[in-house]
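Paired with chain B in one complex and with chain C in the other, chain A is shared by the two complexes that follow.
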Partner chain A sequence: MKTLFVNTRYLIVPVMSIITILGLISGGINVWAGVALFGISAIVDTATKNIHLRADFDEEGNSYGIKIFQYAVMYLMLIVFVALQLALVWRIYQYVNGSPFDLYSFYGLTIQTGITTTNLIGAIISAGLWAGIGIIYGHELSHNKKEGFFISRLIMSLSGASHFTYAHVYQHHLHLGHENDPATAPRGRNVYMHTWLSHAGQCKFSYDLETSRLKKKGKSFLSLDNRWILGYLYSLPSIVLFVWAGGFVGVAALLSLWVIANFELEALNFMGHYGLIREKNKPVEHKHSWDNDSVFTDWFFIAIGRQADHHVRGETYFWELDDVKGPNYGIGYFSLFLITLVPPLFRSYMKKHLDNWDQKYANEKEREIASQYGY
Partner chain B sequence: MKNSAFLAFLLVTLWTSIVGLSLYYFDAHLHYRELNWAILIGSILLITHMVNMVIYFKVRGDRPFKWDKYKIKGEKI
Partner chain C sequence: MFNFFEKKDLKVKLIPSLQKVQLKTGDNLLASALAQGIKWPHKCRVGSCGTCRCKLVEGKISPEIDFENVLNPEQLKEGYILACKSSVKTDLLIHVNLHKEKKDNTT
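Moving on, here comes the complex of A and B:
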């Protein structure tokens, strides 16, 4: 029973993603299902912010997590996220064609053909929000050295961020807490500026990596061996599909979806390390990441909020990550995300947490660097 | 102008506008439902985005990613 519970509790996102797809297919006001589910998740996350659980192990110290099941779910999520885009493309196609409004029933699901401008906006936001959540699988699989890495590239390419898979492992994990890691936000930066700088910085890392690697191999930059180019090519089917379905409207929709998804990705990076400082060439410790492990955040985001443990044991499966008493916001990602949207409020909220970090976690050198920045 | 955010913005806008106007000139907006056209337009848009990123990298270098500008005291570069 315990095994069943531990393994199924991480299915919140798959279930909600499928409901979002059904909402898009169903049409009418149901296309807003993804937005509604995101809102409900924020409420549940805030209401349960004080519940913090530890990772589950049996008496012999073995995890209850079933690797083959969790990996099967993560791989299948690639298909779910493709289906999400297909459902949105179908709605864009109808919008551009001016399809008449009509009702059909398909295996018990009522489908309304045709879509209004307002509902198309809802469909795009719904799809964008849940495409963005796809990063939790892209992130987990980026740490897999086998086919999972490739699946991660494909999942991230659906949001135009295939470079993430390389940059996350070979840049962020090695340089976090330092300006050499664009995914770490220094004190004083807001989430909006961070979204662009972190995205561009990680993309540049991948570009520079390939430029230098191909040069050493004596190969041209313009080659299919170039993994920076290849990453973008993985996004091409999405782009072609949106162009075909809606022309300019389709391109605008895909652009919006990518912006929303990447905003979520970079907001997670922002919250995970904001204002934390590490001396260059010093080891990464638990204190260099913020934990967010309230119960709903932990299950919804497949333990991505256990950043402190994750950054010290990067190859550890998400279901084995635990509370290691690193710096902790004490609230979930949804609650914190809403605070980050208002930069003055976020800075004010962070003041006590950063003061606490400076006093309890930072060494003398880190404190000295921190003193040069605000909040 | 070197490392200028404005220059990067200007070049990216210019390049994107040239591509956009060229697509319009060749009636891409009338043919996007033909699969070959959709593939061609999609490829052009992807290349446009990649070139935009390279323009940004070349003009701005590593400067945008440095933390210096957030310092409220201490030595700035």
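Moving on, here comes the complex of A and C:
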């Protein structure tokens, strides 16, 4: 029973993503289902922010997590995210071609053909919000299996962010807390600025990494083996589909989807390490990441909020990550995300947390570096 | 009936220190060694820094990440692997200098 519970509690996103897809297919006001589910998640997350659970192990210290099941779910999520884009493309096609409004029934699902401009906007936001959640699978799969790394690249390429997989493993994990890690937000930066700077910095890193790898192998940059170029080519089917279905409307829809998805990705990076400092060449410790592990956040985001443990034991599967008593916001990602959207509010909220970090966790040198930044 | 899923007990022998690591099929090499008190040099534990590199002399591992971005072609040809991203498949004989680049892990 415990095994069943531990393994199914991480299915919130798969279930909600599928409901979002059904909403897009169903049409009418149902295309807003993704937005509504995101809002409901924020409410539940905020309401349960004080519940924090530990990872579950049996008496012999073995995890209840079933690796083959969790990986099967993560791999299948690639298909779910593809279906999400296809459902949106279908709606864009109907909008551009002025499909008549009509009602059909398909296996009990009522489908309204045709779509208004307002509902198309809702469909794009719904799809963007849930495409962005793909980061939680893209992230986990970047770490523990070679084929998983490839699936991670494909999932991220659906959001135009295939560079993430390489940049996360080879740059962020190595340099977090340093100014040469674009994914670590220094004190004073807001989430909007961070999104662009972090995205551009990680793209540049992936380019440099691949240039160096090809040089070592004696290959030209313009090669079929160029993983940096290949990563962006993986996004090509999305571009072709959206352009085919909607022309300029399709391009605008895809760009909007990518902006929303990448904003979510970078918001997670932003919240994970905001303002934390690590001396150059010093080891990564629990204190160099913020934990967000309230119960709903933990289950929804497949424990990506257990950043402190993850960055010290990078080989550990998400269902085995635990509370290691690192710096903790004490609230979930949804609640914190809403705060980050208002930069003055976020700075004010973070002041007490950063003061606490400076006093309780930082060493002399880290405090010295911190003093160079304001809030 | 479910022997197919059962993990086999395996042994990893380290040279020149002659220390041994007991683990099961599919276990992570570095994590198992660290859990058994072996001071294996390491830093990132995601396969990006190369501090845990060692030479696979005998046996089979399954790489959990592409080693190409960290190890050069000569090292790969010589059998070097990254312990933090190696899933153990059979008994192993590994050459690792447990005192090398100590500063990578401690400074």
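Here is the rule we use: the second predicted complex is superposed on the first by the 374 of 375 C-alpha atoms of A that agree within 3 Å, B and C clash if a C-alpha of one lies under 4 Å from a C-alpha of the other, contacts with A are read in each partner's own complex, and residues count from 1 in each chain.
Everything below uses one rule, namely that a residue touches a chain if its C-beta (ideal position, glycine included) is under 8 Å from a C-beta of that chain, and two chains touch if they have at least 3 such contacts.
None of the values given here were measured: they were computed from a predicted structure.
When the two complexes are overlaid on chain A, chain B and chain C sit side by side with no clash. In the superposition on chain A, A:Gly34 contacts neither chain B nor chain C. In the overlay built on the shared chain, the residue A:Cys203 is in contact with chain B alone; chain C does not reach it. Once the two complexes are laid over each other on the shared chain, residue contacts for A:Gly122 go to neither chain B nor chain C. In the superposition on chain A, A:Asn144 contacts chain C only, with no contact to chain B.
Put chain B and chain C next to each other and count what each touches on chain A; the higher total goes to B. Using the contact criterion defined above for the overlaid structures, shared-chain residue A:Arg187 touches chain B, although it does not reach chain C. Of the two partner chains, neither chain B nor chain C is touched by A:Gly65. Taken over all C-alpha pairs, chain B and chain C come no nearer than 20 Å in the superposed arrangement. For chain B in complex with chain A, the residues that touch the partner chain are 29, 32-33, 35, 38-39, 41-43, 45-46, 49-50, 53-54, 56-57, 62, 64-67, 70-74. Residues 143-146, 149, 166, 169-171, 173-174, 209, 213, 216-217, 281-284, 312-316 of chain A are the ones touching chain C in the complex.
If you check the complex, the residues on chain A that touch chain B are 160, 179, 182, 186-189, 197, 200-201, 203-204, 207, 229, 232-233, 235-236, 239-240, 242-244, 247-248, 250-251, 371-374. By the touch criterion given at the top, residues 28, 30-31, 43-49, 63-66, 68-69, 72-73, 84-85, 105-107 of chain C touch chain A in their complex.
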